[in-house]
Each structure stands twice: as C-alpha cells, then as structure tokens.
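Structure record follows, encoded as structure tokens.
Chain naming follows the written order as A, B and C, and within any one chain the residues start at number 1.
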Amino acid sequence: MRDASPAKIYALHIGVIALLFALNFVLPDYHQGLFARIMALAVFAMGYNLLFGYVGMLSLGHAMFFSAGLYGAGLTVYHLGWGVPEAFVAGVACGAVLALVIGLLALRTSGVAFMIVTMMFAQVFYLLVLYFAAWTGGDQGLVIQQASRVITIGGASLDLTNPTVRYMSALTLFSVVLIATLAIARSRFGRVLVAIRENEERTKMLGYDTVANKLAAVVISGAICAASGAAYALLFGYVGSSFASVQYSILPLLWVLLGGAATTLGPLIGTLFMYYVTDIASSFTSAYLLIVGIALILLVLFAPKGILGSIRQRWLGWLP
Amino acid sequence: MPLLTTKGLSRHFGGLRAVDGVDFALMPGEIRAIIGPNGAGKTTFVSLLSGRIRPSSGMIVFDGADITTMPAYQRVRLGVAYTFQITSVFANLTAFDNVALPVQRTLTDGRSKGAVRTGVMAALERTGLADRVGTLAGQLSYGHQRLLEVAMGLALKPRLLILDEPTQGLADSEIDNFIALVREIAKDATVLLIEHNMPVVMQLADRITVFNSGKILAEGTPEQIRANTQVQDAYLGATHG
Amino acid sequence: MHFGPHLLLAALEGLVTSAVLALTALGLSLVFGVMRVVNVAHGEFFMLGAVLAWAISTAIAGHPAIGFVAALVIGPLLVGLVAFLAEWLVLRRLGYNPEGTIVATIGMLYIIQQLALSFYGPEARPVEPPFSYRILLPWFGYSGYKLSVVAASALLLVLTWLVLTRTRIGLIMRATQYDRETAQAFGIPVERVYAGVFAIGAMLAAIAAVLIVPISQAHYLMGQDPLLLSFIVVIIGGLGSLRGTVVAAILIGLSDGIISMFFSPTLAKIIATLVVAMVLVFRPQGLFGTTQR
C-alpha cells in the first residue's frame, strides 16, 4: 500500500515547522536572516510547484505573479501609505486577478506554446514595470521605510524589521502555505489535478471540466506566489524590477526541480539547498549564474525527479 | 422512447466521410453491438456520441435533450460514459485513485472520505480487482487494466456505457468473466459496444448494428444479422472467408 | 529633416534589423522545425558570435577587412562547434523531450552568458567595419556597410532556401522533420542530422551577429533582444515556414525600426510582445502558417 496514515504525514510536516521554529533561537544572525528569506521564497516555489508539479504545466512566467504581489504590496505602502495587512491582501489580490486573466488566455494553449506564452506575458509585465518607472522605481527599485513596516494591533506593535519578528512572520506564511498545499495534494481536487497531468483527455472523459480545474490551479498558484512576493516586499523592504525579470521565472523552476516536483516539502529543500550552494560559491566566485546553469543541466540530465522525488521513489513511497 | 437517437449524423475528415448521415436509435436497457470492417466508422461514430469529436452535421439526442454541441465532460455528467479502445488507465496512479476519480465526481453527499472508499471498493469488487487496490495501474496485467477501465466506467454510474473493443487482448478465460460482467452492468445501464470478437457479440447483444463505409448497412437481432447476405458479403465474408 | 526623409531613414534602419533578424530567426525556426526543440540559448549563440568576432578581429592586425573576414569565417564555425557539443552532451541524452530541453537550454543560456562576462567582461566593444563607404542620398548619407549587411543576409537566405529545397541534405532534413521514426527506418542517421541542424541553427545566429557588430557593439547581454525578437518572428511567421520567417522578419524589423524612432523603445517592445502572445493564444499556427497535419 502506498497509502500512509494521515497522522504520520501531518506529524512529518508539523515536525518540519517545529524544527524551523526552533532554528530561530539557535541560528547565528546572518543565517537567521537567510532562513527568513529562504522561507519567504520557498512559498514562491510551493506556488510554482502546485502548477508545475501537480498539474504538470511548465510556466516560464511566474515572476509576474511574484512581482504582482511584490508591487501590489510595496506600492500601496509606498504611495498610498497603506498598513501592512491591507498591503499584503492587496498584493495577493493583484496576483490572483492577474493569474485569472493570464490563465484564461494561456490555457487556450498547452505544452511548449504554454511555456512561451507565459514567458511573453511575464516579459510584458517586466517591461511595464520599467515603462512606469516613475511609480515603480524601475530597475533602481524603491526602498520601503522601516516606519511603514510596522503592524499595530490594538496597543501592541510588531516591527517587521526586527529579525525575530521577520523570521516568525516568514515562518507563519510558510507554514500556512505548506499545510494548505498538503491539504490540496491530498484532496479530491488534488487527485483531479494529478489526473490531468497524467492524461488530460481521459480526465475529461470521467466528467471533469479540466479547463476549469486548470484555471483554478493557475489562480491558486498565482495567489500563493503573490503572497510570497508581498511578504518579501514587506519583510525586506525593497521592490525592484529584477524580481519581475525572466530570471525570477526560472528560479522557482530550478528550486522545484532540485527539491522534487509534486512533493510538498521539495520546494523548501530545493530553495534551501540552492541558496546555500550559491551563498558558499559566492565567497570564491562571482559567477552565480554559472552555478544556476550547471545545476539546471545536471538536474534534467541525472535527477529529473529531484532530491525528495528520488527519495520517495527509492525508499519512502508514502511521502506526499 | 429511445434513450439515444442520432439524425443524419455525419463527420468528414477532409474528403473522407468517416460517418455519413447515420440515423440511429438505442432503447433503454438493451445491449447493442456495433460491428463492421476496419475503417467502417465505428470508433468515429461512438466518439461523436461521447463528444470527443464534433460532428460535421446532424444531431444527437440523449434522453430527450439535444446534446449535439455539448462538451464531452458534460455528457459524462448526464450519464454517457466511454471506455477507451486503447487502455488508458492512469498508469502512475494506484487502482484506488483511478477508480476514486470517477467515484468522487458522482458523489453528492459532499465531503466524507469514507463515501469515496466505499464507492471505490464496490466498483473494484464488482470487477474482481479488490485485492489490487494499492497497486499502480501501470503494473497490473493487461487484462486487469482492461477490467480497471471497466470499473472506472461503472463508477461513473452511467445510463449509457460505451465500450470500445473491450475484449481486445483478453485471454479466453478472461472473456467469459467479461461477458458475465457486461450482463450484470446491463441490469442498470444501457450498453453500446464495438466488438470484433463475433462469439462475444452473438452471446451478448440483444441487437446488432452493422457499419460499412460510414453508413448503417443492416440492423437486427443476432439471428437476423447472421442470416443477412449483404452483411456476409461486406463483413463476415471478409473476415472469415 | 522633414518627415519623409526621417521615415526613409527609419525604414532603412528597420531593413538592417530585418536582415539580421531573418538570419537569427531562421536558425531558431530550423532547430524547432526539425528537432522540435525550443532553443532558449539561441540568443547566446548570437552573442557568442559577436564576442568572438571582436576577439578575432582585434587579434588580427592589418586592414580591418582581413580581421572581419576572418571573424566571419572562424566565429560561426566555433559557435557551431559549441552548439554541436551541447547537442551531443546534453540534448541527445534528454531524448529531445520538449520540456527537458527547454530547461537544459536555459541552463546553457546562463552558462554561456556567465562565461562571456567572466572572460570578455561587462564592456561593450566595437568592431571596425571592413569598409566605410557612405552612399550619398539627396537628404543624408547612409552607411554602405549597412546596406551590404542587407545584401549578405539576402544572399544567405537564398542559399539556405536552395539547400533546403534542392539538395539531398535538405531532403534528409525535411524527411526527419516530417517523421522521425520513418526517417530512421529508411536509414537516415537522425542523430547526426539533429546535431548538424542544431549546429547550423547556432551558426546562422552567429553569422547574423558578426554582420551586426560593426554597427552595434559586442556585449555579453546582447543576446536577449534577438532571442525575443526571433521568437516573435518564428511565431508570427509560422513554424517551419522559411517564407513566413522572412516575411515576418521584415515586418517586425521595419515596424521595430519605425516604432522605436517615434515612440519609446520600451513601449514598442511591450506592444510587440503582447501582440505576439495574443497571436500564439488565438492563432497558434502563426499568421502565415497553416494548421499542421
């Protein structure tokens, strides 16, 4: 039986969250900051994984959803003076609406055409960010002041620039999204998504509106990536056009491939691994992109299932 | 009143008239076989019924409703189920998940996980696959994959089950079981099957429709078809002669 | 200058862009047409051609024409060799799986770009044109070299067309494109054809780049625009259609030249990209192509 008891699966995920919680108190300052960043970006990877891993749709344009969240949150704080929670919601909403529009258009295509169409829409988004540099700050970007990044609830205030608050905020978002993707993967909806990946025509003939299911997946994926972008803007106080560039569409693909597509914990592992590899490598070479490039090629050649995917295949068939 | 009728149903591929002005009626509860030589348009015809391809002209009525332009997945929801000629179970999913997909869609009671399991096990037991529930479909034997395909069709609770060459590749012993299975299915559903194996057709079918060059050549009981000289010329003669 | 001459200048500039673009896009189209591989690293082969042209022409002393001709011959050959190796070491092992090859060519893109940055540096460097004759028009003088680029490109396009339609190599390529398995059954060495096509595709981009460096300088990021524009051309022109590719290249090149003269280049790119994405969504066979099989 490949069916594992739900208790075991949830225990594993809660264990991972607990471990990350504990790490906050042991990690040195530098690594605490790095981990906060990794958790925020792992959310991006998890959103990407929902579409790429489970539905099997390879998008080359997810930077636009990430940066829709980034700018949706960042610009409402910067220009309109919104509070942190409202800005976060605005960011997620921007990503969801954009994903709905892009989904309606791009889902008319599939396979290679889908990859190119998503890449082109993302390119349009990137160029729009540059074109409206007066508001977005263009490639210089905008820095969101510390004063704007404080949440006040009643009398208490949470300063997102404080390392521990920042770490815990990133962990909270990460945990919510991790449990949500786990629930989706184990749900009936998740089963339909996997069926579409395996054989869309057959799924249709079981009475499923596959286009509607794919659209739902695009919107959820877009919203999750936007949540990551919004959190990034609010936690690290910077928005810039580089986050909308094609490189940020490739990175989540790389992280997910590395960690293991269609695994719930793969995106975290991939992001963590890649971040530390480049972090260590950057101490003796500036050729960061070279490592990304070599990693991509080695992965597709020798480990297309990624770290967790290979572990699941060999030893732990029950891993979700 | 017929469960399903077609009027002047046609499908052209370029200059080829794969299905050409077919008028067809199927009564509720019957087991109907469609036979005919290769390239007679049988698979195209049932593909038109299931909505996998669109007709060039003509009309399809199911249970009094015009479904000519309805998308395939909605027809499935109305109760028109189709099992593929080439086995197309989800090879990387377990037998359980394969059957759970149709089961969970027909469930109306909302969220309970137990209901899916009950439905899946019922369909697997009916097809004799209950002990394979956790096996990946791709690792099942060919015969079992065909049975799984039927289990998926059953789980849709269809009113019309279209089987495209269901016995292809089955061993003789499996065929006997299969005939018993179709008889049982026919207790609650109408069955339309394309079949090349004449003994199976003669044993199962209440009526037989013979296709040739995209048109209906003859229709009748197995005895009438067996006696029909035109059919013998066009089809039986060709395969057995 | 008045509007008329201004437009003429824009059109001439656009024609030069079209000429270079047609060659680059043809390379991309060949690779996709025959191998069904979307080569995201195509723009980097273009860049590599330009950077090598600079390296070769500066290494050779004497009249600029000698260095340029050397670059025009050696540069594309080296790029072809790199592409051949990439095909042999990576793409072949992936079984030409469409998604795997895209990810792999993205990897190549990063590797080539980073190596160019490391060894060539971040500067933009010019290559001296082989001759600097100016053609005098009534309103302005125009670079004779630029016009010769148009002529050279036209010549190469005709040559490619002849090879594709009139020679045995072309026949083999078309047979492989039409049906890989059958071609293999008829004894066509499909793997060698693929390696050759991938190399030729990259060489076409490299030739285009060598032709353009005397006009615009060599830079390690210069591959990005040609990649995007080539995609646009191939999509609009319809895949595998040489005529469509050329028509689309002229269309895109001219409109790019004219639009960017009167509007902001960013806006021009936004509109062009959006239009192409919409073409791909609503008319995937391209504006000039017909539905496949």
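The definition used in the following text is that a residue touches a chain if its C-beta (ideal position, glycine included) is under 8 Å from a C-beta of that chain, and two chains touch if they have at least 3 such contacts.
Fair warning: this is a prediction, and the values are worked out from it, not measured in the lab.
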item	value
Number of steps on the shortest touching-chain route linking subunit B and subunit C	2
Dominant chain pairing [most C-beta pairs in contact]	A-C
Centroid-based (C-alpha) most distant chain relative to subunit B	C
Subunit B-subunit C separation of Cα centroids, rounded to whole Å	52
Averaged-CA centre spacing for the pair subunit C and subunit A, given as whole angstrom	34
Centroid distance [mean C-alpha coordinates] between subunit B and subunit A, Å	43
Subunit A partner contacts - residues on subunit C that touch it in the complex	38, 90, 93-94, 98-100, 102-104, 106-111, 113-115, 117-118, 228, 231, 235, 264, 266-267, 269-270, 273-274, 276-278, 280-282, 284
Residues of subunit B defined as touching subunit A within the complex	50, 52, 71-74, 76-77, 81-82, 84, 88-94, 96-97, 100-102, 104-106, 116, 133-134, 136, 152, 156
Subunit C contact footprint on subunit A (complex, rising order)	58, 60, 105-106, 108-109, 111-113, 115-117, 120-121, 123-124, 127-128, 130-131, 250, 253, 257, 287-290, 292-297, 299-301, 304
For the subunit A and subunit B complex, residues of the former touching the latter	1-3, 188, 191-192, 194-195, 198-199, 201-210
